[in-house]
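Shared between the two complexes below is chain A, which pairs with chain B and chain C, respectively.
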Partner chain A sequence: MSDRLVHVLGIVVAALVVTILLAPVLLTAVLSLSSDSYFTFPPDSWGLRQYREVLGDARWASAVSYSFELAVPVALLSVAIAVPTAFAIGRSRLPGRHAIYAGGLAGIVVPISAFAIALYGVFAELGLHGTYVGLVLANTVLAVPVVLIVVTAAMARVPVELELAAMAAGASRRRAWLGITTRLLLPSIVAGGVLAFVTSFDEVVLIVFLGGVDQTTLPKAILDSARFGVSPVITAVSTLLMLGTSAVAIAAVGLARRRR
Partner chain B sequence: MTIPAVERSADGAATAALELRGVDKAFGPAVALDGVDLSVARGELVTLLGPSGSGKTTLLRIVVGFESPTAGRVILRGQEISRMTPAERDVGMVFQHYALFPHMTVADNVGYGLKVRRRSRAERERRVAEVLELLRMSGYERRYPRELSGGQQQRVALGRALAYDPEIVLMDEPLGALDRALRTEMEQEIRRIHRDLGATILYVTHDQQEALALSDRIAIMRAGRIVGEGTPDELYERPPSAFVASFFANASLLTVDSYELEPGGTADVRCNGQRLSCAAPGLSPGDDGVLAVRRRSLRRAGEARSLRLAGVVAEVLRLGDDRQVTVDVPGAGRIVALLAAWESGDLRLGMRLELFVAWDQAVLVTAD
Partner chain C sequence: MPAGRPVLANWQALLLVAPLVALLAGLVGYPLVRLAIDSLGSGVDLGAYATVLESSAGQRALVVTVLASLLVAGLSVAIGGLLAWYARSARSTWVRTALWVALLVPFFMGTVTKNYALVLLLADNGPLNSLLSALGLGPVRLLYSSTGVVIGMVYSMVPFAAFSLYGVFLTIDETLVEAARSMGASRVRAARTVTLPLVLPGVVASLALVFAISLGFYVTPVLLGGAQVPFMGGLIQDYIFTSFDYELASAASVILLVVGFAVLAVSLGLIGRERLLRAVA
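Let's turn to the complex of A and B:
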């Protein structure tokens, strides 16, 4: 096969995959512009009725705000745990640092339902079930790997010589780590934090297993709404959620790419 | 932190900027340094020269404080610094790949050591301007490293190591990443800066030409030990061992039938069926001796008191103005000669060739 053919085939396959993956997303977005009070396709009339309903309904607003209340501390906590861990893995001679890395990634390697069931038992024992603190901790376990991956990868690209040069010039190790390496990692740390935020904001399995009746995040509210009566309002909610998280994720990736 | 000053000997040890005494370094079972003694006088440029893996970079890392010695002492200006952190030592370091801070301007890079030392802004600005002037980099203050060429980056790296006027500047193959033309230019720059500032420099390289061009003194390293030390001339003319002769002076080593040491550092040698008298520095009775012959000292025409070497041409290379000829001499070994091209005459592979070396150009050395 000629290189050219392979090239064209590659583009076709990629286009197909992207289309199949994005089709439901586009469909949801299109449906959210319907003015009907029930699902029809194609919609009989168009308008922003679904969006007006979302914004007018206090339940959605409170779900969004609860998602923020969880995701912000999860992001901060994940960064606070993952950045020092990344230094231990990438910049120390600590024995077992590779095991620490593997352990740090466990949160995304273990199937989430298995993890949720395990936590269910532990939380019941500790009285954390249905509590805010419990949810923050559980989501942090999921979000730490995301930050850890982003920051360790970025750290591998910051030459150790920069720290050594700073120390040779008279800086303490702490100053070299903070002023040089951490400073150079800052875009990646922020990007990792944003991705941790999105991970927690989007999370639906843990909240179903571990959340109490009054703890409703946005994804949980969408799930409930889909379960207890199909209303086209969720298309508007989903579209807003997708737009919001994509914007944040794109900003984060863009930030990580800058200053390379 | 107070450190007791090391007693200074009467014979001028106080003028040594850096002294290493019996420095050992082991990484687990692997011995990287084995009893290294070295002294660098103030204002001197000393080069550690050796093949890769000989321990020269490890030694530099011990002096700067990135590694600590397993045994032995590192003394800087009379103070033992072996257990100090790098920040407490007052050294400067230049890395092979520059290691400039990418998020800082040229001025901030050069001024980093001063900033860490809490010097005033005015003093920093004045000193940075001075150093950039010395490095012919004035006008680049606000540039970032990524906007500079490799040679310019290395100048900034030099500036960063020199700006706070450290006791000693350590350079770890600083020209290794530059191309040949730039390297020659930077050799001259380092030489000039060293002269202008009177800076004490410990320089690491595996390139003997670089070592020759730069150094006041050279220490040759092999397998974690210093196996030869002296001025470029001394090491070149009177190598202390076969390794130094071949590694540093590109000398050929000839098998010696027998020899007898004579008073005055010479020896009566039997080689290739002939007798000759030549220098024999650093040889003790009972050592295995080999005869070191530098490439350039071989001639096609013999004079009186010359050793005659006849053999078969194995290789001919054109090197600029010279031809490099490799000749296999039965009973003596393989010799490499550098002959001026315009007088080298007919040279073909496989031909028989006679070469001569004057007795006073040959050196008997220990076969190590």
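Let's turn to the complex of A and C:
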């Protein structure tokens, strides 16, 4: 095969894949602007009917607020757990620190439906099944790795010499850490917290297995209505969720990359 | 580590990692051990495993899950690898931006909304089938078929594979490839003899991780496969919420975990801890 052909073929495939990756988002957004009460593509009439229906239905609002009630403490808890660990990994010679880091990533790698059953047994035993506290704890296991990855990577880029200089000038280690290292890490810590928030906000498998009937987050509400019939209203909910999540997540990624 | 680095005393570091260790012990370690014990039932035997593995539903779900996950791992790493390579080597800012947007959007789109959008796209009377019909290639049954589930899972895992491989590609010295080309190697030959050996460990890590994550998929098989494509996640849910049989559910979960951990362990042996971890982050 000639070089030129391989090159052109590669670009065509990449362009095709980019189009395919973006197609579902664009389709959902386009369909959300349909005024039909059923699905047709392209829509017969256009308008904001679906959005009016979403805003007029209190169930969506309560699902959104429950998602926030879970995601905020999950994000704070994840930061509180992961940031000290990142300091220990970056600034100590504790034996087994790499194993602890690897273990901290478990929430990303473990097959989620099997993990949900493992938690199910323990939650049943401790009376955490169907409780708010139970869901916060479960989501935290999934959100901690995100903060850990972001902050540990940022920590490795903060020169130790800055702390040394501060300490040589008479600052205590605590002061050097708070005044210099933490300040430099702050964008990454915020970014990690935001990504933890997004992780919890998006989570749906654990709540299916561990949540009670009265516990409904936004993704759970969308899943339920998508399973029991396809309503055009979901396209509007999905579009709003996508816009919100993407904006927040991309801002967080930007924040984390700024300090390179 | 350079000398004079302000190293924390081990007991101080231990205090700092204590919250994470407590979380992992209480909400990952203990639940997994308990799961294994519960799966043995009150009689402490392998009866539940035999029931799962001998039932036709159990066999089918296991085979479908493992085969789909293998396929998804292969496709996601191939597609994600291609995109990551272009994201790394494209000279035009526009091309790079388009690639990053195309990767970040599905990554942050939300699990449920992503799969719901694919339901709309892949439906029998959806836009994709209209396009295929117009081209004389369709309509094809995509929704509620294993094809649809694999498409949905690949859609979810391509960004993950791309991000992990992008990190690997960044470590490659492009002048090596240029050197090979300047000495007369074709593009394909340079890729095979210079680039491939350098990226292979990263590819192995990425394959193993995508496979392990794919095993646990729940939302995609439920929404895009329905009853036609039984996955272990759905089977486990049936055991627990329809048959109220926690023992069977835990046995099925242990089987899934063993398959996942086995693959991760093999890749760990092949490429070492550091490369495997780097593929996650």
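Annotations for the structure displayed:
Keep in mind that, in the parts below, the second predicted complex is superposed on the first by the 244 of 260 C-alpha atoms of A that agree within 3 Å, B and C clash if a C-alpha of one lies under 4 Å from a C-alpha of the other, contacts with A are read in each partner's own complex, and residues count from 1 in each chain.
As a convention for this text, a contact is a pair of C-beta atoms (placed from the backbone, for glycine too) under 8 Å apart; a residue touches a chain by one contact, two chains touch by 3 or more.
A quick note: this is a predicted structure, and the numbers were derived from the prediction, not measured.
After overlaying the two complexes on the shared chain, residue contacts for A:Asp44 are found with neither chain B nor chain C.
Contact with chain B, but none with chain C, is seen for A:Pro159 once the two complexes are overlaid on the shared chain. Of the two partners, chain B and chain C, it is C that touches more residues of chain A. Of the two partner chains placed by the overlay, only chain C lies in contact with A:Thr245; chain B stays clear of it.
Of the two partner chains placed by superposition, chain B and chain C are both touched by A:Met167. Residue contacts after overlaying the shared chain place A:Arg175 against chain B, while chain C stays out of touching range.
Once the two complexes are laid over each other on the shared chain, residue contacts for A:Val110 go to chain C alone; chain B is not touched. In the superposition on chain A, contact of A:Pro219 is made with chain C only, not with chain B.
When the two complexes are laid over each other on chain A, chain A has residues 164, 167, 173 in contact with both chain B and chain C. Across the interface of their complex, chain C is touched by residues 1, 3, 6-7, 10-11, 13-14, 17-18, 21-25, 27-28, 31, 39, 41, 80-82, 84-85, 87-89, 91-95, 97-98, 100-122, 125, 137-138, 140-141, 144-145, 148-149, 152-153, 160, 163-164, 167, 173, 176, 198, 202-205, 208-209, 219, 222-223, 226-227, 230, 234-235, 238, 241-242, 245-246, 249-250, 253 of chain A. Here chain C touches chain A in the complex through residues 1-2, 4-10, 12-14, 16-17, 19-21, 23-24, 27-28, 30-32, 34-35, 38, 79, 82-83, 86, 98-99, 101-121, 123, 125-127, 130, 155, 158, 186-188, 209, 212-213, 215-219, 222-223, 232-233, 236-237, 240, 246, 249-250, 252-254, 256-257, 260, 264, 273, 277, 280-281, going by the rule given at the top. Of all the residues in chain A, the ones that touch chain B in their complex are 159, 161-162, 164-173, 175, 180, 183-184, 259.
Contact residues of chain B toward chain A in the complex are 64-66, 85-87, 90-93, 95, 97, 99-103, 112-113, 116-117, 160-161, 164, 170.
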